[in-house]
Structure formats: C-alpha cells, structure tokens
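Scrolling down, you'll hit the structures one after another.
Shared between the two complexes below is subunit A, which pairs with subunit B and subunit C, respectively.
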Partner chain A sequence: MDSLPALDRDASPEALPDSPAAEAPTFLDRLFDAGLLVRTGVDGLYGRSGAFESVVEALDRLVSRLGADDKAEVMRFPPGMSRSTFERSGYLKGFPHLAGTVHSFCGNEADHARLLACVEAGKDWTEKQAATDIVLTPAACYPLYPTAAARGPLPQGGLLFDLQSYCFRHEPSLEPTRMQLFRMREYVRMGSPDEVLAFREVWLDRGTKMMAGLGLPLAVDLANDPFFGRAGKMLANNQRNQNLKFELNVPVNSVEKPTACLSFNYHQDHFGTTWGLTQADGSVAHTACVGFGLERITLALLRHHGLDLDAWPADVRATLWG
Partner chain B sequence: MVSDEVVRDILRQNEAMSNLVDTLGEDDDLFEKGLDSFGSVQLMLALEERFNVEFPDSLLNRRSFSTIRIIRETVTSLTLGEAA
Partner chain C sequence: MDSLPALDRDASPEALPDSPAAEAPTFLDRLFDAGLLVRTGVDGLYGRSGAFESVVEALDRLVSRLGADDKAEVMRFPPGMSRSTFERSGYLKGFPHLAGTVHSFCGNEADHARLLACVEAGKDWTEKQAATDIVLTPAACYPLYPTAAARGPLPQGGLLFDLQSYCFRHEPSLEPTRMQLFRMREYVRMGSPDEVLAFREVWLDRGTKMMAGLGLPLAVDLANDPFFGRAGKMLANNQRNQNLKFELNVPVNSVEKPTACLSFNYHQDHFGTTWGLTQADGSVAHTACVGFGLERITLALLRHHGLDLDAWPADVRATLWG
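Entry: the complex of A and B
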C-alpha cells in the first residue's frame, strides 16, 4: 500500500522511537501528523493547512502562467451544477457510482419531529430527504458546455476556456490522492477536430515540461476513465483504442500504481452533439480538455520533496513562488 | 446461425441507426454511419439478452460491433460456445 520508498525526512524510522515493531505510518498518516491534511472522519474528505494551500495556489498560478498567451476566457462555477444539466450530460451512463446528488429535507412539522427522533435513536433519518435541483460537480468542465452552447455557434477558430472547481466523486479511499472532494483546474478547447487535437498536443508538451521542471518523475500513458460495470469495460476499451485519453502519472502512493496528476482528453463530438454546440460553419463542434489535479500534484511534490516546504529544492520553490 | 435480419431488427432499436438499417450493407462500418460508444454498449446488451449469451472481455471492443457481418459471426460463435 505504501510501497514507494519514503523520500521525506518525516518518514525516517526515528519518527517511531517508542514502537519499533509497529507498522510504519502511511503517507496519509504522515500528512495528518504534519498537519498538512486535517481529518474529518470520512475517508477522502480532508481539511487542508495553510502550507498545503500555499502549494495548491502556487500550482494554480503556474498553470495560469503557462497558458497566459492563449488568452482563455476565465469562468468559475460553484462545486454544484444544475441537476437537469447533469442528467443531459450523459454522466450517469458511464459513472453512476461516482455521482453525488444534493438532497434536502422536504417534509412537514411531523416529519421534522420524526427526523429528530431518528437522529436521537441513531436510526436512518433520511426518509424525507428529496433530491434538490443541484448535483455535485463531477468535473470542472461539465457546467461549461451548455453555457457555451447557449451563446450560439462558435466563432471562427473556436473558443478556449479556463476553469477551476472543487469536484466530487464518491470513491472513499485511504489513498490520500483519491479524495472525494478535490480541485480540478482545466483548460477546455472547442472547435474543429484539428484545432482541439492541436490544443491537446500543446498541453501534453507543456504539462510534461511543467511537471519535470518541478522535479517529479513522470510517465505519460494511454488511459481510460473508470466507467461502471461490464458495459464500462467496453467504453474503456473503445476509449483506449481511439487514443482519446492520456494521463501524466507520478508515483505517489506506490511505484506500481502511479497517480494520474494531469489528464489530456479528446471528447470527439460527444459534448458538441449532447449540447448542440456547433462550429462557425454549422458542423458539430469537437472538444478537448487538459485537467490538473491540484491536490494530487501537491501530494506528489510533498512525497518527492518532503513534508517541509522550506526544505524543497531551491529551483522548485523558485518555480512555485518566484 | 444468427440471421442478418435479426441483427438488423436489434439495430433498429438504436436511435442513430433506426432509419438507416435497411440501407446498410453487411460490411458497412456502423461507427462511420453514426453508431457511438454508448450506442454500441446498448447494442451489446440487447444482443446478450436476445441470444442469451455473454460477450467475454476480449470481445468488448469497437471491432466486435463494427459491421453487421462481424456482429452476426461473433454472436453465432457465442451461441455455439466457440468464442469464450
């Protein structure tokens, strides 16, 4: 589980003088002990310290600098999106197991009394909870497509957007890199197939240079999304056969199962068809995105450069904080 | 032996294919004609239900559903227990 050799000073055996026989603390334990992450009682749901956030913010700025010349339109959505938009997006076809819906109490006063009694008795109190019009955002770009489509056909040359959002995926895990609520920074390109594929190529290069420049070991690999069930195996095979998704992986929890820190995705005409998004000539728009897992990159840096930010290599600090 | 017509009947259930089915040749590429990934998943599930077979993981790919001939031959071999 924690098979990557410990690379930070806090992981040394001296950290456990009183329990030589005890199992070495996991990376997650050490993040808690150092105060970088804060327990909430739910796996994958954590608070962040000021130091942790300083890295996330520096990475966010670094991504902005790398993309500055492209003059993307900045848009920020809250971490909840319209349920009807979510339903139409097709997310439930591939990922019903990851979706998170927002429910609220919709009963009367008697129901309220029963709710409180159930809470008091430790019983299920959710009988009168009903789905609201809000679903937790599963990926930063999901609220964007209908917004862009509502403007009408894309201008000649297409459009480029800059997004960042907390995202939710229901996959509780003890791996600190698999959080249930995490921030995803994205650039999204809409246009012709050639335009969006050229965008993806540019970011494969920029992203690789960015991560190498941060002193991280990496590999870019063909990938697939975690589609649900047997049908999902077919979707995953199709995705791989068509080279639609690449991930930039860094060993964080283990060498055997490295962590995807960036992803480079070509959606073909999926979102264009779903939302009626068209190019200037009236044909269906194609889309592509590059996504940066801000917490995952932060964790990769902590794993490889240590839990003390002041002790990180000078060039890495200079890249992040100038 | 699975007939060409039965495969076409199942294809008619797909929104993108329904109006094209009668014009399709046995070797026409269904994906080029408008079948998408989710459509191919629905096609797979419908074939499994109709013929009481299960596609093994090795056949869960675009090629297995790319033409009427390939679908017909694949499902025929599955019904004969040959493809597992």
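Entry: the complex of A and C
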C-alpha cells in the first residue's frame, strides 16, 4: 500500500468548528432542534428531514458520477437478507452482537389474546416470537456474494457491482454518526488479487478527492472491524497487520475520535471461498469493496459547513447540486 | 363517497397480456430469468436490477410531481421503528401475524461459542436472541403519528406529510406482488374530517389518472385490511361498511385476483386518539393517507408493457422519464 495518498493524519482542533462548551447542546441535540433528524425514542434510530435526505441523495448521485466510467452492474437489495445465507457468510463468527434477526408471531387466536394481554400489562410479549427466514442486512454487499457465485465462474477480467441499502447494526449510541439503521453505498469488485487491489487503490484516490472536494478535513487510516470478544482481538490484529482495511476519517463528534465515512476493504479470498466464487481460470476469486456511509458523510458536512444547507460554501453546493 | 370516479370494475381477460399456459414459466420466473428480480432463496425477498430500480425511482418522482403543488413536508424514516411506539399504535391488535420484531445477541463469549456450535450443527441458534427496541416498519406512516403529535396541536388547516420507506410484512408468497420487504410511498393528511376526506378525494382522482396515464387497466374498489382471526372479520366488515378503505387494483398475477397498487385510507380519529393528536381548536385530529406500492406498480408495468423497458409505449416512457 505504498501508493496510499499522503494525507494529514492529525486533524487539528481547528478542523472542528463550533465545538460546543460543556453545557451547550450536543451535536445530536442541535440536529433535532434544527429538524434535520427526528427523535423516535430509540438511540441511533432517527427520522430524516427533507433537507437531510436531499444531501444523502446528492451524495448518492455524486458517487455514481465518480464511478460512471467503470460501468458497474447496478443491483439493489432490500434491508433484509436470507437467514441461511447470513449464517453461511461467517458474520456471526465476528459480529454476533451487531446482527439483527427478524422474528414473527406464528400463533393462533388464543396466543394472540395472550400476546395482547402481555402488551396491555406492559410485560414482555416478544418471547413467543419465532425467527423468520430473514436477517437484517449488516453491510450492503452481504447479499451479493451468493448471487454472483450462482452465476458461475467470473468472466475474464472479473466483475464490478454497484450497491446501496439500509443496513442494521445493534449498537445503540448517542453519537449521531452511529445509527442502528443507516444507508451504505458500495462498489464491489470481484476478480484476481491484482484486479481487486487495483480497484481499491483507485477508490482510495477517488474517495479522498471527493471528500476533500466537499471541504472536509480528513485522514486515511489503517483500520479493523469491531470483532467480538477476545478471539476478535486477534482477528482485528491480523486484519491490521495485513493492511486489509482502510478508513477515511473525518472529525464529526470529536477530533480525538474521528468518524469513518468511507471504508476500503480487501477481503482476500474470504467470500470467494465461502461462496465457491471462482475466477475464469477456476481459481478462487478475491473481492474488495469501497463503502460510503451516506448518513455519516451527510453529518460530516452538517458539522463542518453548518446546519443551514443554503449557507454551505458555493463550491460544495455546486458539487452536490450542480 | 358518491364522487368516486366511475371505473371499469371488471378487468377483462384481454387486460392481462401473455397469460402463461399451465406449463409455462410463471411471471416470477420470467422476472428472475430477465434479471429484473434476483433470487435470495426466500419467498417474497428479492434483489432488484438497475432496470427495475429505474422504474421505482421514476414512479417515486412522478408521485412527487403530482403532489408538488401541495407542498407536503418531506420526512423519511428508516425501515425500523421504535418498539414502544409500535406497541402503542395498535398494530398488534389487527395484524400480529404480519409484524417483524428485531432481535439481537446479548450474550458473553461462552454464549457466543454455543451460538456458533448451533449454527455449525444446523440447529436453531435464534432462541437466545433477545428483542431489541426496534420493530420493522409495517407501513410508511406508522412512525409519523407520534412525531406529529409531539409538536403539539395541528395548525389551522392541518398538516400534510410526504413519506417513503421500506416496509416489512411477514407473508411469504410466490406472488411477486406480495413481497416481505417492499417500498411504500405515502402522503398523509392530518386535520378535520372534511379536510382529510377532501384530501382522499383529490388523490383518488390523481392516482386513477396517474395509473391510467401509465397505460394500466384498473378498477377502484372498496377494500379492507387483512385483519387477523375471527374478530378481524368483524373489523374488516366495519371498515367496509364505513367506506374507510379503497384500493386501486390492477390485474398482475391474475385477472381474478387483481393487485392493490394504491390505497386510499381514512383512519377517522384512530391515530388522533391513539397519539393525542389534536386540531387547532383542541378537538381530536382525523387522518387519511394515500399509499403507493412502488414495487407493485413497477410489476404492473412490467406485466402489461413487457419486460423490456426500452420497448414500453413511448407515452409511458415519456411520463416516467420524459
């Protein structure tokens, strides 16, 4: 990864305007007060105003424009995926604490009466809910790998996909950048190690230029996924030692703990092996993806350019809304 | 409801082109074969191609244009809502069988090891999952009512909202029009009975013209929601007797059982009473909504104009992508 773009790795305190005093409302409170996010009573679960959505949609179009020449195949999955696919994906090994399974009522009328009595009495009515065949999508690319593998070996030169979906992660938080339901845009490359690493290089460059062009202070850093438990620490170390994950960080909640707005991931042959996805020559396919956290980038823009979209710098507005 | 538009209530068999012979592939199979929908292994859970999404997006914009003059407040909620809000909404009384609760792993490392052993052995690993604070959104407007009520009494003249979200209903089916996860666009009106009924009249007219303009055979019919159990039959009858729900039906899977693509609902004071939502004069607010099943309308277009979007009638293409 010698060709990583040289970036300022120490965002200065000046990079975060209007840092609130101790008694001042938090950034989340200010987003609520401005009506940009809407309270639901659950941490990390918010409604979005039309203004907020207009930024998300503009970012989505911007990412499309940056990748347009590559002619990725567009595919969109709903926010839930097959449970059996999810089980086979290996997600539960690394991130059992983040997953969300969907459960439903399968009882008769007597069971229904008991359920309603529980709700009425404020007791737990969810124990009788039974797992359905659906699990919430943890990352936009998870439903893609078995879909691609079902088509047979990759063509010469591999494949490139364009994805976006709502994703779920069970990590209630008061940081507005850590939502339980959020949208992730992704490009996913499948092919030889050289092909997928070249893809990641291209997007490290494009993503960095995109975010700098939006007037955001940033740093690209080696990173790891939030693996569960002690064994997870080893997995995280391995991931770092092999330079598998980079994140593009922007100070949003604080300068000390900047927010990963984009991530650049090399999965090696993990998904290829898991799903029997092969290259044209029969060898196992490698994969890589670049992910854009659409709400996180929106929040970074709101933090740095202010809560009034009309007052954003003219060049940023031009980039988003031409 | 004397002013309901006069419509052909008996779609003729000619209204459904290319009805397949007994051995021929089903409409769902043809959608898979054309790559418009993508198999996930779960009935009612599908990926969408870029072409399919381009229709959904065009319909979404068309609905925006039709409603633009009304200056509805745009709000977007994620595909999950607060469980306590959901409990209070009354949805569980009518539709316990359709709801989806989100459950997560809350154990330690030993629990994790047991979970993985269950997955490995093909045993049920979901029993230990615990309900989170989130339930999948059953209809786009459910998260809105408490949000609106929290603002205080409605202003004079009431309010109008513009919503869209993925919704979940646990009803696995091989009919492509009955998805478990699908997108619903909605306008929601809150105000006096006269105001919300006038809103419904306007959209009965606009929605009918919109669908006719897309070259679709249709009928507007009195309808009821799929209430659960024997008590549900009575609720359904009441709903019909009071003309509370109309659906705009288009033959898609069959002429005998056409598909509700739009619905026009008068909730009377149900949500107003449930959420303490009041009019400017302090009396309880009435509400109504019009819902557009974006995947269902897309499927109706594919069924009637063919699976090749480029070959659709020029006027339909102009209306969508003009």
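As a convention for this text, the second predicted complex is superposed on the first by the 300 of 322 C-alpha atoms of A that agree within 3 Å, B and C clash if a C-alpha of one lies under 4 Å from a C-alpha of the other, contacts with A are read in each partner's own complex, and residues count from 1 in each chain.
We take it that a contact is a pair of C-beta atoms (placed from the backbone, for glycine too) under 8 Å apart; a residue touches a chain by one contact, two chains touch by 3 or more.
Only a predicted model underlies this, so the values are computations on that prediction, with no experimental measurement involved.
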>> By the touch definition at the top of the document, which applies to A:D133: first (subunit B), second (subunit C), both, or neither?
In response: second
>> With both complexes superposed on chain A, which partner does A:T208 reach: first (subunit B), second (subunit C), both or neither?
In response: neither
> By residue count, is subunit A touched more by subunit B or by subunit C?
Replying inline: C
>> So in the superposed three-chain picture, is A:S84 touching just subunit B, just subunit C, both, or none of them (first/second/both/neither)?
In response: second
>> Contacts for A:N241 in the overlay, against subunit B (first) and subunit C (second): which applies, first, second, both or neither?
In response: first
> After superposition on the shared chain, which partner residues are touched by A:K93: those of subunit B (first), subunit C (second), both, or neither?
Replying inline: both
> So, A:K233: does it touch subunit B (first), subunit C (second), both, or neither?
Replying inline: first
>> Under the contact rule defined above, give the subunit A residues that sit at the interface with subunit B and also at the interface with subunit C.
In response: 93, 230-231
> Touching subunit A in the complex: which residues of subunit B?
Replying inline: 36-38, 40-41, 44-45, 57, 60-62
> Within the complex, which stretch of subunit C touches subunit A?
Replying inline: 38-42, 45-50, 52-53, 73-85, 87, 92-93, 96-107, 109, 112, 115-116, 119, 124-126, 129, 131-134, 136, 143, 147, 150, 162, 166, 168, 170, 172, 179-182, 228-231
>> Touching residues of subunit A toward subunit B in the complex: what are they?
In response: 90, 93, 230-231, 233-235, 237-239, 241-242, 270, 273
